[in-house]
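Shared chain: subunit A. Partners: subunit B in the first complex, subunit C in the second.
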Partner chain A sequence: MTPAELLAQVEALLDAGRYNEALRLLASDRALYQRVTQGVIRALESDPHGIITDINGNVWRTSDLIRYVRAGHWFGPLFNLLRSEVELLRRQLGG
Partner chain B sequence: MTPLLYILPTTHGVDVPSTIMKNVAPQIDESPIILWDGEATAENARKAILGHNPPYIFTTGHGLPCATTLQDLQPFISLAEPQMSPYCKAERNLDIVKGRVWHVHSCWCGLQLAQEMVKRGAWAVFAHDKEFLFLMPKTGKIDIITATPFLAEFTVDSAMLSGMTAGEAQKAREKAYDHWLDYFLKGEGQKLDPAPLVARIVLADKMISKLYGDPTATVTKPGPRKTFQLGLPLDRPVGGSAIWLALPVALLMFARG
Partner chain C sequence: MSLELMRRWVASLPPAERSLPLLHVGEAFYTPLQALREVEKGTTIGEKLQQLVEQGRFGTDLNALAKARLQLLLERAKGYEIASLSGISIPTDKLAKLVAQGDLSNPLIQELAEADLLLAQQALKLGKKLAGGGGK
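Take a look at the complex of A and B:
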(Lines of atoms letter the chains of each structure in order from A and count residues from 1; the text may use other names and numbers.)
(Lines give C-alpha, C1' and ligand atoms only; values in the text may rest on other atoms or scores of the structure.)
Protein backbone atom coordinates (compact mmCIF):
# COMPACT_ATOMS: atom_id res chain seq x y z
CA MET A 1 0.00 0.00 0.00
CA THR A 2 1.37 3.42 -0.92
CA PRO A 3 1.34 6.23 1.67
CA ALA A 4 -1.42 7.97 -0.31
CA GLU A 5 -3.53 4.81 -0.27
CA LEU A 6 -2.99 4.40 3.46
CA LEU A 7 -4.03 8.01 4.04
CA ALA A 8 -7.16 7.51 1.96
CA GLN A 9 -8.10 4.58 4.19
CA VAL A 10 -7.45 6.65 7.30
CA GLU A 11 -9.75 9.36 5.91
CA ALA A 12 -12.52 6.81 5.34
CA LEU A 13 -12.19 5.50 8.89
CA LEU A 14 -12.26 9.03 10.34
CA ASP A 15 -15.34 9.87 8.27
CA ALA A 16 -17.03 6.77 9.64
CA GLY A 17 -16.20 7.82 13.21
CA ARG A 18 -13.93 4.79 13.64
CA TYR A 19 -11.27 6.89 15.33
CA ASN A 20 -9.22 4.24 17.11
CA GLU A 21 -8.92 2.16 13.96
CA ALA A 22 -7.90 5.26 12.02
CA LEU A 23 -5.18 6.06 14.53
CA ARG A 24 -3.93 2.47 14.58
CA LEU A 25 -3.72 2.37 10.81
CA LEU A 26 -1.95 5.71 10.62
CA ALA A 27 0.48 4.69 13.36
CA SER A 28 1.36 1.55 11.38
CA ASP A 29 3.54 3.85 9.26
CA ARG A 30 5.55 5.67 11.91
CA ALA A 31 7.04 8.21 9.50
CA LEU A 32 3.63 9.09 8.10
CA TYR A 33 2.15 9.38 11.60
CA GLN A 34 4.95 11.76 12.58
CA ARG A 35 4.45 13.82 9.45
CA VAL A 36 0.70 14.17 10.02
CA THR A 37 1.17 14.92 13.70
CA GLN A 38 3.76 17.59 12.97
CA GLY A 39 1.39 19.14 10.44
CA VAL A 40 -1.39 19.40 13.03
CA ILE A 41 1.04 20.87 15.59
CA ARG A 42 2.38 23.44 13.10
CA ALA A 43 -1.17 24.50 12.24
CA LEU A 44 -2.05 24.93 15.93
CA GLU A 45 1.21 26.82 16.50
CA SER A 46 0.18 29.33 13.81
CA ASP A 47 -2.28 30.68 16.40
CA PRO A 48 -0.47 30.00 19.70
CA HIS A 49 -2.87 32.08 21.80
CA GLY A 50 -5.96 31.09 19.85
CA ILE A 51 -9.10 29.41 21.05
CA ILE A 52 -10.96 26.93 18.87
CA THR A 53 -14.65 26.75 19.58
CA ASP A 54 -17.74 25.14 18.09
CA ILE A 55 -21.39 26.12 17.78
CA ASN A 56 -22.05 24.23 21.02
CA GLY A 57 -19.85 26.70 22.86
CA ASN A 58 -17.12 24.20 23.72
CA VAL A 59 -13.71 25.87 23.84
CA TRP A 60 -10.21 24.51 23.44
CA ARG A 61 -7.02 26.57 23.76
CA THR A 62 -4.60 25.85 20.92
CA SER A 63 -1.73 25.70 23.45
CA ASP A 64 -3.54 22.88 25.29
CA LEU A 65 -4.32 21.05 22.05
CA ILE A 66 -0.64 21.14 21.08
CA ARG A 67 0.24 19.42 24.36
CA TYR A 68 -2.43 16.78 23.80
CA VAL A 69 -1.21 15.99 20.30
CA ARG A 70 2.40 15.80 21.47
CA ALA A 71 1.29 13.35 24.17
CA GLY A 72 -0.60 11.25 21.62
CA HIS A 73 -4.03 12.07 23.06
CA TRP A 74 -6.59 12.57 20.33
CA PHE A 75 -10.16 13.64 21.02
CA GLY A 76 -13.06 15.75 19.73
CA PRO A 77 -11.86 18.62 17.56
CA LEU A 78 -8.41 17.09 17.12
CA PHE A 79 -9.97 14.36 15.02
CA ASN A 80 -11.49 17.04 12.77
CA LEU A 81 -8.08 18.70 12.37
CA LEU A 82 -6.43 15.30 11.87
CA ARG A 83 -8.93 14.58 9.07
CA SER A 84 -7.93 17.82 7.34
CA GLU A 85 -4.22 17.19 7.76
CA VAL A 86 -4.49 13.66 6.36
CA GLU A 87 -6.35 14.91 3.31
CA LEU A 88 -3.92 17.76 2.68
CA LEU A 89 -0.95 15.37 2.91
CA ARG A 90 -2.66 12.84 0.65
CA ARG A 91 -3.21 15.56 -1.95
CA GLN A 92 0.45 16.56 -1.63
CA LEU A 93 1.50 12.94 -2.22
CA GLY A 94 -0.66 12.82 -5.31
CA GLY A 95 -3.31 10.48 -3.94
CA MET B 1 -42.04 35.19 -2.82
CA THR B 2 -43.30 33.47 0.32
CA PRO B 3 -41.36 34.82 3.30
CA LEU B 4 -38.48 32.74 4.56
CA LEU B 5 -37.54 32.32 8.20
CA TYR B 6 -34.20 32.85 9.95
CA ILE B 7 -34.06 31.80 13.60
CA LEU B 8 -31.07 33.49 15.24
CA PRO B 9 -30.52 32.93 18.97
CA THR B 10 -27.58 34.69 20.60
CA THR B 11 -26.98 33.06 23.98
CA HIS B 12 -24.45 30.43 25.02
CA GLY B 13 -21.93 31.15 22.30
CA VAL B 14 -24.12 31.11 19.18
CA ASP B 15 -23.96 34.86 18.68
CA VAL B 16 -21.26 34.50 16.01
CA PRO B 17 -23.25 32.50 13.42
CA SER B 18 -26.39 34.47 14.28
CA THR B 19 -24.70 37.86 13.91
CA ILE B 20 -23.23 36.88 10.55
CA MET B 21 -26.56 35.51 9.25
CA LYS B 22 -28.36 38.62 10.51
CA ASN B 23 -26.14 40.58 8.12
CA VAL B 24 -26.39 38.06 5.27
CA ALA B 25 -30.16 37.44 5.23
CA PRO B 26 -31.28 40.94 4.12
CA GLN B 27 -28.78 40.79 1.22
CA ILE B 28 -30.11 37.53 -0.21
CA ASP B 29 -33.78 37.83 0.79
CA GLU B 30 -36.00 40.87 0.13
CA SER B 31 -38.30 40.31 3.09
CA PRO B 32 -36.72 37.92 5.57
CA ILE B 33 -38.55 37.03 8.75
CA ILE B 34 -35.85 37.14 11.40
CA LEU B 35 -36.31 35.91 14.95
CA TRP B 36 -33.34 37.48 16.71
CA ASP B 37 -31.98 37.14 20.24
CA GLY B 38 -34.85 36.97 22.77
CA GLU B 39 -37.36 36.43 19.95
CA ALA B 40 -35.62 33.21 18.90
CA THR B 41 -37.57 30.95 21.23
CA ALA B 42 -38.99 27.56 20.35
CA GLU B 43 -42.51 28.86 20.86
CA ASN B 44 -42.00 31.86 18.54
CA ALA B 45 -40.31 29.69 15.93
CA ARG B 46 -43.23 27.28 15.87
CA LYS B 47 -45.73 30.14 15.68
CA ALA B 48 -43.80 31.76 12.81
CA ILE B 49 -43.68 28.49 10.87
CA LEU B 50 -47.38 27.76 11.33
CA GLY B 51 -48.32 31.39 10.66
CA HIS B 52 -46.16 32.18 7.63
CA ASN B 53 -45.68 28.68 6.23
CA PRO B 54 -42.10 29.38 5.02
CA PRO B 55 -40.74 26.88 2.50
CA TYR B 56 -37.17 27.50 3.77
CA ILE B 57 -35.93 27.80 7.32
CA PHE B 58 -32.46 28.61 8.64
CA THR B 59 -31.89 27.78 12.28
CA THR B 60 -28.75 27.79 14.41
CA GLY B 61 -28.04 26.83 17.99
CA HIS B 62 -26.44 24.11 20.07
CA GLY B 63 -26.90 20.66 18.64
CA LEU B 64 -26.82 16.99 19.49
CA PRO B 65 -27.54 14.01 17.26
CA CYS B 66 -31.09 14.12 18.69
CA ALA B 67 -31.84 17.86 19.05
CA THR B 68 -31.22 21.41 17.96
CA THR B 69 -31.77 24.21 20.45
CA LEU B 70 -32.55 27.94 20.40
CA GLN B 71 -32.30 30.89 22.80
CA ASP B 72 -31.26 29.86 26.32
CA LEU B 73 -30.79 26.29 25.08
CA GLN B 74 -34.52 25.64 24.61
CA PRO B 75 -34.92 22.46 22.60
CA PHE B 76 -36.53 23.32 19.25
CA ILE B 77 -36.68 20.14 17.20
CA SER B 78 -35.87 16.92 19.01
CA LEU B 79 -36.24 13.18 18.93
CA ALA B 80 -37.40 11.14 21.92
CA GLU B 81 -33.99 9.82 22.98
CA PRO B 82 -33.95 10.46 26.74
CA GLN B 83 -31.02 8.13 27.26
CA MET B 84 -28.89 10.39 25.05
CA SER B 85 -29.63 13.73 26.66
CA PRO B 86 -32.17 15.61 28.79
CA TYR B 87 -32.64 17.83 25.73
CA CYS B 88 -34.16 14.82 23.99
CA LYS B 89 -36.77 13.85 26.57
CA ALA B 90 -39.52 13.98 23.97
CA GLU B 91 -40.21 14.54 20.30
CA ARG B 92 -40.63 18.22 19.53
CA ASN B 93 -41.80 20.00 16.40
CA LEU B 94 -41.28 17.10 14.01
CA ASP B 95 -44.86 17.74 12.89
CA ILE B 96 -43.87 21.03 11.22
CA VAL B 97 -40.90 19.86 9.16
CA LYS B 98 -42.88 18.38 6.25
CA GLY B 99 -42.49 19.82 2.76
CA ARG B 100 -39.87 22.37 3.75
CA VAL B 101 -36.15 22.80 3.12
CA TRP B 102 -34.13 23.30 6.33
CA HIS B 103 -30.65 24.55 7.08
CA VAL B 104 -29.97 23.22 10.57
CA HIS B 105 -26.70 24.97 11.40
CA SER B 106 -25.93 23.09 14.63
CA CYS B 107 -23.29 20.54 15.59
CA TRP B 108 -24.04 16.83 15.24
CA CYS B 109 -27.65 17.05 13.96
CA GLY B 110 -26.77 15.28 10.71
CA LEU B 111 -26.16 12.03 12.57
CA GLN B 112 -29.81 11.44 13.47
CA LEU B 113 -32.09 14.47 13.63
CA ALA B 114 -31.71 15.59 10.01
CA GLN B 115 -32.28 12.03 8.80
CA GLU B 116 -35.43 11.71 10.93
CA MET B 117 -36.66 15.08 9.65
CA VAL B 118 -36.39 13.70 6.12
CA LYS B 119 -38.27 10.56 7.17
CA ARG B 120 -41.01 12.82 8.54
CA GLY B 121 -41.35 14.60 5.22
CA ALA B 122 -38.78 17.44 5.20
CA TRP B 123 -37.92 17.97 1.54
CA ALA B 124 -34.23 18.50 2.20
CA VAL B 125 -32.07 19.25 5.24
CA PHE B 126 -28.59 20.78 5.24
CA ALA B 127 -26.82 19.80 8.47
CA HIS B 128 -23.50 18.87 10.10
CA ASP B 129 -22.67 15.40 11.35
CA LYS B 130 -19.88 16.45 13.75
CA GLU B 131 -18.73 19.63 15.53
CA PHE B 132 -18.70 22.77 13.39
CA LEU B 133 -15.46 24.49 14.40
CA PHE B 134 -14.30 28.10 14.20
CA LEU B 135 -11.74 30.33 15.85
CA MET B 136 -13.11 32.44 18.66
CA PRO B 137 -12.83 36.21 18.10
CA LYS B 138 -9.89 37.68 20.00
CA THR B 139 -11.75 40.99 20.47
CA GLY B 140 -15.40 41.97 20.64
CA LYS B 141 -15.52 41.93 16.85
CA ILE B 142 -15.92 39.18 14.27
CA ASP B 143 -13.08 39.32 11.75
CA ILE B 144 -12.24 37.27 8.66
CA ILE B 145 -10.40 34.67 10.76
CA THR B 146 -13.55 33.89 12.71
CA ALA B 147 -16.07 34.47 9.91
CA THR B 148 -14.55 32.34 7.15
CA PRO B 149 -16.24 28.99 7.88
CA PHE B 150 -19.61 30.76 8.02
CA LEU B 151 -18.99 32.61 4.75
CA ALA B 152 -18.53 29.23 3.11
CA GLU B 153 -21.44 27.57 4.91
CA PHE B 154 -23.96 30.32 4.22
CA THR B 155 -23.45 29.79 0.50
CA VAL B 156 -26.19 27.19 1.00
CA ASP B 157 -28.67 29.97 1.73
CA SER B 158 -27.63 32.29 -1.09
CA ALA B 159 -27.71 29.35 -3.52
CA MET B 160 -31.15 28.14 -2.45
CA LEU B 161 -32.52 31.66 -2.64
CA SER B 162 -31.07 31.99 -6.15
CA GLY B 163 -33.32 29.14 -7.23
CA MET B 164 -30.78 26.36 -7.22
CA THR B 165 -31.79 22.85 -6.30
CA ALA B 166 -30.58 21.48 -2.98
CA GLY B 167 -28.09 19.32 -4.84
CA GLU B 168 -26.73 22.34 -6.69
CA ALA B 169 -26.59 24.30 -3.44
CA GLN B 170 -24.59 21.48 -1.85
CA LYS B 171 -22.10 21.65 -4.73
CA ALA B 172 -21.92 25.46 -4.35
CA ARG B 173 -21.32 24.97 -0.61
CA GLU B 174 -18.42 22.57 -1.24
CA LYS B 175 -16.98 24.91 -3.87
CA ALA B 176 -17.15 27.82 -1.42
CA TYR B 177 -15.24 25.82 1.21
CA ASP B 178 -12.62 24.98 -1.45
CA HIS B 179 -12.40 28.67 -2.40
CA TRP B 180 -11.64 29.68 1.19
CA LEU B 181 -9.25 26.76 1.64
CA ASP B 182 -7.25 27.98 -1.36
CA TYR B 183 -7.44 31.57 -0.07
CA PHE B 184 -5.68 30.57 3.16
CA LEU B 185 -3.31 27.98 1.67
CA LYS B 186 -2.23 29.76 -1.53
CA GLY B 187 -3.94 33.15 -1.74
CA GLU B 188 -3.92 36.46 0.09
CA GLY B 189 -5.09 34.78 3.28
CA GLN B 190 -1.79 32.97 3.74
CA LYS B 191 -0.28 36.28 4.89
CA LEU B 192 -2.41 36.13 8.02
CA ASP B 193 -0.69 34.48 10.98
CA PRO B 194 -3.23 31.75 11.73
CA ALA B 195 -3.72 30.85 8.05
CA PRO B 196 -2.59 27.20 8.44
CA LEU B 197 -5.08 26.65 11.26
CA VAL B 198 -7.95 28.45 9.52
CA ALA B 199 -7.34 26.35 6.40
CA ARG B 200 -7.61 23.12 8.38
CA ILE B 201 -10.74 24.29 10.17
CA VAL B 202 -12.34 25.22 6.83
CA LEU B 203 -11.53 21.79 5.38
CA ALA B 204 -12.79 20.05 8.52
CA ASP B 205 -16.08 21.97 8.39
CA LYS B 206 -16.48 21.12 4.71
CA MET B 207 -16.18 17.41 5.47
CA ILE B 208 -18.98 17.44 8.05
CA SER B 209 -21.43 19.57 6.05
CA LYS B 210 -23.95 17.28 4.40
CA LEU B 211 -27.21 17.33 2.52
CA TYR B 212 -29.99 14.95 3.48
CA GLY B 213 -33.18 14.38 1.54
CA ASP B 214 -34.14 15.24 -2.01
CA PRO B 215 -31.38 16.92 -4.06
CA THR B 216 -34.02 18.29 -6.45
CA ALA B 217 -35.70 20.35 -3.70
CA THR B 218 -36.08 24.06 -4.46
CA VAL B 219 -37.57 27.06 -2.68
CA THR B 220 -37.81 29.65 -5.45
CA LYS B 221 -37.65 29.98 -9.22
CA PRO B 222 -34.16 30.20 -10.75
CA GLY B 223 -32.93 33.78 -10.99
CA PRO B 224 -29.73 35.77 -10.90
CA ARG B 225 -27.16 34.36 -8.49
CA LYS B 226 -27.50 36.09 -5.13
CA THR B 227 -24.34 37.08 -3.35
CA PHE B 228 -23.52 38.75 -0.09
CA GLN B 229 -20.70 40.81 1.30
CA LEU B 230 -19.90 41.47 4.92
CA GLY B 231 -18.38 44.69 6.23
CA LEU B 232 -15.92 42.96 8.52
CA PRO B 233 -15.22 43.26 11.36
CA LEU B 234 -18.75 42.92 12.72
CA ASP B 235 -19.68 43.91 16.25
CA ARG B 236 -20.85 41.08 18.47
CA PRO B 237 -24.05 41.60 20.43
CA VAL B 238 -23.64 42.69 24.05
CA GLY B 239 -23.12 39.63 26.20
CA GLY B 240 -22.41 37.53 23.15
CA SER B 241 -18.91 36.74 24.24
CA ALA B 242 -20.19 34.49 27.01
CA ILE B 243 -19.17 30.96 26.17
CA TRP B 244 -20.63 28.15 28.21
CA LEU B 245 -19.38 24.64 28.40
CA ALA B 246 -22.83 23.32 27.71
CA LEU B 247 -24.24 20.20 26.10
CA PRO B 248 -21.19 18.01 26.57
CA VAL B 249 -21.53 15.61 23.72
CA ALA B 250 -21.30 12.01 24.80
CA LEU B 251 -19.99 11.09 21.39
CA LEU B 252 -16.67 12.86 21.86
CA MET B 253 -14.25 10.04 21.45
CA PHE B 254 -11.03 9.87 23.41
CA ALA B 255 -8.22 7.75 22.15
CA ARG B 256 -4.55 7.30 22.52
CA GLY B 257 -2.42 7.26 19.43
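Take a look at the complex of A and C:
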Protein backbone atom coordinates (compact mmCIF):
# COMPACT_ATOMS: atom_id res chain seq x y z
CA MET A 1 0.00 0.00 0.00
CA THR A 2 1.37 3.42 -0.93
CA PRO A 3 1.31 6.27 1.62
CA ALA A 4 -1.43 7.99 -0.38
CA GLU A 5 -3.54 4.82 -0.35
CA LEU A 6 -3.04 4.45 3.39
CA LEU A 7 -4.13 8.05 3.93
CA ALA A 8 -7.21 7.48 1.74
CA GLN A 9 -8.14 4.58 4.00
CA VAL A 10 -7.61 6.69 7.10
CA GLU A 11 -9.94 9.32 5.62
CA ALA A 12 -12.61 6.72 4.96
CA LEU A 13 -12.37 5.44 8.53
CA LEU A 14 -12.60 8.96 9.92
CA ASP A 15 -15.64 9.65 7.74
CA ALA A 16 -17.23 6.50 9.12
CA GLY A 17 -16.58 7.65 12.68
CA ARG A 18 -14.18 4.76 13.28
CA TYR A 19 -11.64 7.01 14.95
CA ASN A 20 -9.60 4.44 16.86
CA GLU A 21 -9.13 2.30 13.77
CA ALA A 22 -8.16 5.38 11.78
CA LEU A 23 -5.53 6.31 14.35
CA ARG A 24 -4.14 2.78 14.52
CA LEU A 25 -3.82 2.62 10.74
CA LEU A 26 -2.16 6.03 10.56
CA ALA A 27 0.22 5.16 13.39
CA SER A 28 1.29 2.03 11.50
CA ASP A 29 3.38 4.37 9.35
CA ARG A 30 5.33 6.40 11.90
CA ALA A 31 6.64 8.93 9.39
CA LEU A 32 3.17 9.66 8.02
CA TYR A 33 1.75 9.95 11.54
CA GLN A 34 4.45 12.50 12.40
CA ARG A 35 3.79 14.53 9.26
CA VAL A 36 0.05 14.62 9.86
CA THR A 37 0.52 15.46 13.54
CA GLN A 38 2.86 18.31 12.66
CA GLY A 39 0.24 19.59 10.21
CA VAL A 40 -2.44 19.55 12.90
CA ILE A 41 -0.13 21.37 15.32
CA ARG A 42 0.71 23.99 12.66
CA ALA A 43 -3.01 24.50 12.01
CA LEU A 44 -3.61 25.02 15.74
CA GLU A 45 -0.58 27.29 16.10
CA SER A 46 -1.87 29.49 13.28
CA ASP A 47 -4.59 30.60 15.71
CA PRO A 48 -2.73 30.62 19.05
CA HIS A 49 -5.43 32.42 21.02
CA GLY A 50 -8.28 30.70 19.26
CA ILE A 51 -10.97 28.40 20.51
CA ILE A 52 -12.48 25.26 19.10
CA THR A 53 -15.91 24.08 20.13
CA ASP A 54 -16.98 20.46 20.16
CA ILE A 55 -20.42 19.13 19.31
CA ASN A 56 -21.44 19.12 22.96
CA GLY A 57 -20.82 22.84 23.16
CA ASN A 58 -17.60 22.48 25.16
CA VAL A 59 -15.00 25.12 24.42
CA TRP A 60 -11.33 24.19 23.98
CA ARG A 61 -8.40 26.57 23.69
CA THR A 62 -6.05 25.85 20.81
CA SER A 63 -3.04 26.13 23.14
CA ASP A 64 -4.46 23.28 25.24
CA LEU A 65 -5.29 21.21 22.17
CA ILE A 66 -1.68 21.49 20.98
CA ARG A 67 -0.56 19.90 24.25
CA TYR A 68 -3.05 17.06 23.82
CA VAL A 69 -1.91 16.35 20.26
CA ARG A 70 1.76 16.39 21.30
CA ALA A 71 0.88 13.89 24.03
CA GLY A 72 -0.90 11.66 21.51
CA HIS A 73 -4.37 12.26 22.96
CA TRP A 74 -6.93 12.50 20.18
CA PHE A 75 -10.57 13.26 20.85
CA GLY A 76 -13.64 15.12 19.58
CA PRO A 77 -12.79 18.22 17.59
CA LEU A 78 -9.21 17.06 16.96
CA PHE A 79 -10.57 14.43 14.58
CA ASN A 80 -11.88 17.17 12.31
CA LEU A 81 -8.41 18.73 12.18
CA LEU A 82 -6.89 15.31 11.60
CA ARG A 83 -9.36 14.64 8.75
CA SER A 84 -8.33 17.80 6.92
CA GLU A 85 -4.59 17.29 7.42
CA VAL A 86 -4.79 13.69 6.18
CA GLU A 87 -6.64 14.86 3.09
CA LEU A 88 -4.15 17.66 2.37
CA LEU A 89 -1.16 15.34 2.78
CA ARG A 90 -2.77 12.67 0.58
CA ARG A 91 -3.14 15.26 -2.19
CA GLN A 92 0.47 16.38 -1.76
CA LEU A 93 1.50 12.77 -2.21
CA GLY A 94 -0.51 12.54 -5.38
CA GLY A 95 -3.38 10.44 -4.04
CA MET B 1 -20.86 29.31 -3.05
CA SER B 2 -17.46 30.31 -4.36
CA LEU B 3 -14.50 31.13 -2.18
CA GLU B 4 -14.99 34.79 -3.09
CA LEU B 5 -18.61 34.72 -1.92
CA MET B 6 -17.54 33.00 1.28
CA ARG B 7 -15.03 35.80 1.86
CA ARG B 8 -17.73 38.39 1.19
CA TRP B 9 -20.07 36.66 3.60
CA VAL B 10 -17.51 36.63 6.42
CA ALA B 11 -16.55 40.26 5.73
CA SER B 12 -20.21 41.30 5.84
CA LEU B 13 -20.75 39.87 9.32
CA PRO B 14 -20.37 41.97 12.47
CA PRO B 15 -16.81 41.44 13.79
CA ALA B 16 -18.06 39.78 17.00
CA GLU B 17 -20.07 37.25 15.00
CA ARG B 18 -17.08 36.16 12.91
CA SER B 19 -15.47 34.42 15.86
CA LEU B 20 -18.51 32.75 17.38
CA PRO B 21 -19.37 29.10 16.68
CA LEU B 22 -21.99 28.87 13.95
CA LEU B 23 -21.63 25.78 11.75
CA HIS B 24 -21.39 22.15 12.70
CA VAL B 25 -19.51 19.49 10.75
CA GLY B 26 -18.33 16.18 12.20
CA GLU B 27 -17.03 16.60 15.74
CA ALA B 28 -16.72 20.37 15.91
CA PHE B 29 -18.36 23.73 15.47
CA TYR B 30 -16.76 26.26 13.16
CA THR B 31 -16.82 30.02 13.47
CA PRO B 32 -17.25 31.89 10.18
CA LEU B 33 -13.50 32.71 10.21
CA GLN B 34 -12.56 29.08 10.85
CA ALA B 35 -14.96 27.98 8.11
CA LEU B 36 -13.34 30.42 5.68
CA ARG B 37 -9.86 29.06 6.48
CA GLU B 38 -11.12 25.53 5.87
CA VAL B 39 -12.65 26.55 2.54
CA GLU B 40 -9.39 28.27 1.56
CA LYS B 41 -7.58 24.98 2.16
CA GLY B 42 -9.99 23.27 -0.22
CA THR B 43 -10.82 20.37 2.09
CA THR B 44 -13.90 18.16 2.14
CA ILE B 45 -14.87 19.69 5.49
CA GLY B 46 -14.59 23.09 3.81
CA GLU B 47 -17.02 21.93 1.10
CA LYS B 48 -19.49 20.77 3.73
CA LEU B 49 -19.22 24.11 5.51
CA GLN B 50 -19.85 25.95 2.25
CA GLN B 51 -22.95 23.85 1.66
CA LEU B 52 -24.30 24.72 5.11
CA VAL B 53 -23.85 28.42 4.41
CA GLU B 54 -25.52 28.09 1.00
CA GLN B 55 -28.46 26.25 2.53
CA GLY B 56 -28.67 28.56 5.54
CA ARG B 57 -28.34 25.64 7.95
CA PHE B 58 -26.44 25.30 11.23
CA GLY B 59 -26.00 21.56 10.77
CA THR B 60 -26.79 20.79 14.40
CA ASP B 61 -29.38 20.93 17.13
CA LEU B 62 -29.80 24.40 18.52
CA ASN B 63 -29.17 23.48 22.17
CA ALA B 64 -25.56 22.54 21.51
CA LEU B 65 -25.05 25.65 19.42
CA ALA B 66 -26.60 27.87 22.11
CA LYS B 67 -24.38 26.30 24.75
CA ALA B 68 -21.25 26.85 22.68
CA ARG B 69 -22.04 30.44 21.80
CA LEU B 70 -23.25 31.47 25.25
CA GLN B 71 -20.09 30.22 26.93
CA LEU B 72 -18.01 32.47 24.72
CA LEU B 73 -20.34 35.44 24.97
CA LEU B 74 -20.45 35.21 28.76
CA GLU B 75 -16.68 34.91 28.88
CA ARG B 76 -16.40 38.11 26.86
CA ALA B 77 -18.71 39.77 29.40
CA LYS B 78 -16.71 38.55 32.39
CA GLY B 79 -16.93 40.84 35.40
CA TYR B 80 -20.41 42.09 34.54
CA GLU B 81 -23.81 41.13 35.86
CA ILE B 82 -26.82 40.50 33.71
CA ALA B 83 -30.18 41.68 34.98
CA SER B 84 -33.59 40.44 33.95
CA LEU B 85 -36.79 42.48 33.75
CA SER B 86 -37.97 40.73 36.89
CA GLY B 87 -35.13 42.36 38.81
CA ILE B 88 -32.85 39.36 39.17
CA SER B 89 -29.18 40.11 38.59
CA ILE B 90 -26.63 37.32 38.07
CA PRO B 91 -22.85 37.60 37.51
CA THR B 92 -21.81 36.39 34.06
CA ASP B 93 -19.30 33.90 35.49
CA LYS B 94 -22.09 32.19 37.44
CA LEU B 95 -24.18 32.00 34.28
CA ALA B 96 -21.18 30.71 32.33
CA LYS B 97 -20.72 27.94 34.88
CA LEU B 98 -24.34 26.86 34.49
CA VAL B 99 -24.03 26.88 30.70
CA ALA B 100 -20.78 24.88 30.80
CA GLN B 101 -22.58 22.28 32.92
CA GLY B 102 -25.25 22.10 30.22
CA ASP B 103 -27.91 23.71 32.39
CA LEU B 104 -29.83 26.00 30.08
CA SER B 105 -32.98 25.94 32.21
CA ASN B 106 -32.34 29.28 33.94
CA PRO B 107 -34.86 31.78 32.49
CA LEU B 108 -32.15 34.40 32.04
CA ILE B 109 -29.99 31.93 30.12
CA GLN B 110 -32.97 30.98 27.99
CA GLU B 111 -33.60 34.62 27.16
CA LEU B 112 -29.96 35.15 26.26
CA ALA B 113 -29.87 31.99 24.18
CA GLU B 114 -32.99 32.92 22.25
CA ALA B 115 -31.70 36.42 21.53
CA ASP B 116 -28.31 35.12 20.46
CA LEU B 117 -29.75 32.42 18.21
CA LEU B 118 -31.69 35.11 16.38
CA LEU B 119 -28.38 36.82 15.62
CA ALA B 120 -26.89 33.52 14.51
CA GLN B 121 -29.86 32.92 12.21
CA GLN B 122 -29.41 36.39 10.72
CA ALA B 123 -25.76 35.60 10.00
CA LEU B 124 -26.79 32.45 8.17
CA LYS B 125 -29.56 34.18 6.25
CA LEU B 126 -26.99 36.63 4.97
CA GLY B 127 -24.88 33.75 3.65
CA LYS B 128 -27.83 32.10 1.98
CA LYS B 129 -28.81 35.40 0.41
CA LEU B 130 -25.31 35.92 -0.99
CA ALA B 131 -25.20 32.36 -2.31
CA GLY B 132 -28.54 32.88 -3.99
CA GLY B 133 -27.29 35.95 -5.80
CA GLY B 134 -29.29 38.34 -3.69
CA GLY B 135 -26.33 39.94 -2.01
CA LYS B 136 -25.83 42.88 -4.37
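Everything that follows uses one rule, which is that the second predicted complex is superposed on the first by the 92 of 95 C-alpha atoms of A that agree within 3 Å, B and C clash if a C-alpha of one lies under 4 Å from a C-alpha of the other, contacts with A are read in each partner's own complex, and residues count from 1 in each chain.
Going forward, a residue touches a chain if its C-beta (ideal position, glycine included) is under 8 Å from a C-beta of that chain, and two chains touch if they have at least 3 such contacts.
If you're wondering where the values come from, they're calculated on a predicted model, not measured in any experiment.
Novice: For the overlay on subunit A, clash or fit between subunit B and subunit C?
Specialist: Overlaying the two complexes on subunit A (C-alpha atoms) leaves subunit C and subunit B clashing.
Novice: Looking at the overlay, what does A:H73 touch: subunit B (first), subunit C (second), both, or neither?
Specialist: Only subunit B; A:H73 stays clear of subunit C.
Novice: Between subunit B and subunit C, which makes contact with more of the residues in subunit A?
Specialist: B
Novice: On the A-aligned overlay, A:L89 touches which partner chain: subunit B = first, subunit C = second, or both, or neither?
Specialist: Touch partners of A:L89: none, neither subunit B nor subunit C.
Novice: So, A:L32: does it touch subunit B (first), subunit C (second), both, or neither?
Specialist: Once the two structures are laid over each other on A, A:L32 reaches no partner at all.
Novice: Go through the superposed model and pick first if A:L7 touches only subunit B, second if only subunit C, both, or neither.
Specialist: Neither partner.
Novice: Where does A:L44 make contact in the superposed view: on subunit B (first), on subunit C (second), on both, or on neither?
Specialist: Once the two structures are laid over each other on A, A:L44 reaches subunit B alone.
Novice: Subunit C clashes with which stretch of subunit B: 41-49, 59-67 or 77-85?
Specialist: Clashing stretch: 59-67.
Novice: Which residues form the common part of the subunit A surface touched by subunit B and by subunit C?
Specialist: After superposing on chain A, subunit A residues 46-47, 50-59, 76-77, 79-80, 83-84, 87-88 contact both subunit B and subunit C.
Novice: Spell out the residues on subunit C that touch subunit A in their complex, using ranges where they run on.
Specialist: Checking each residue of subunit C against subunit A gives 21, 24-29, 34, 37-38, 41, 43-46, 60, 63-68, 71-72, 99-100, 102.
Novice: Which residues of subunit A touch subunit C in the complex?
Specialist: Residues 46-47, 50-59, 76-80, 83-84, 87-88 of subunit A touch subunit C in their complex.
Novice: Sort out for me which residues of subunit A touch subunit B in the complex.
Specialist: Against subunit B, the touching part of subunit A is residues 15, 17, 19-20, 23, 26-27, 33, 37, 40, 42-44, 46-47, 49-59, 62, 72-77, 79-81, 83-85, 87-88.
Novice: Tell me, which parts of subunit B touch subunit A in their complex?
Specialist: Subunit B residues touching subunit A: 12-14, 17, 60-63, 105-108, 130-136, 138, 193-197, 199-201, 203-205, 207-208, 243-249, 251-257.
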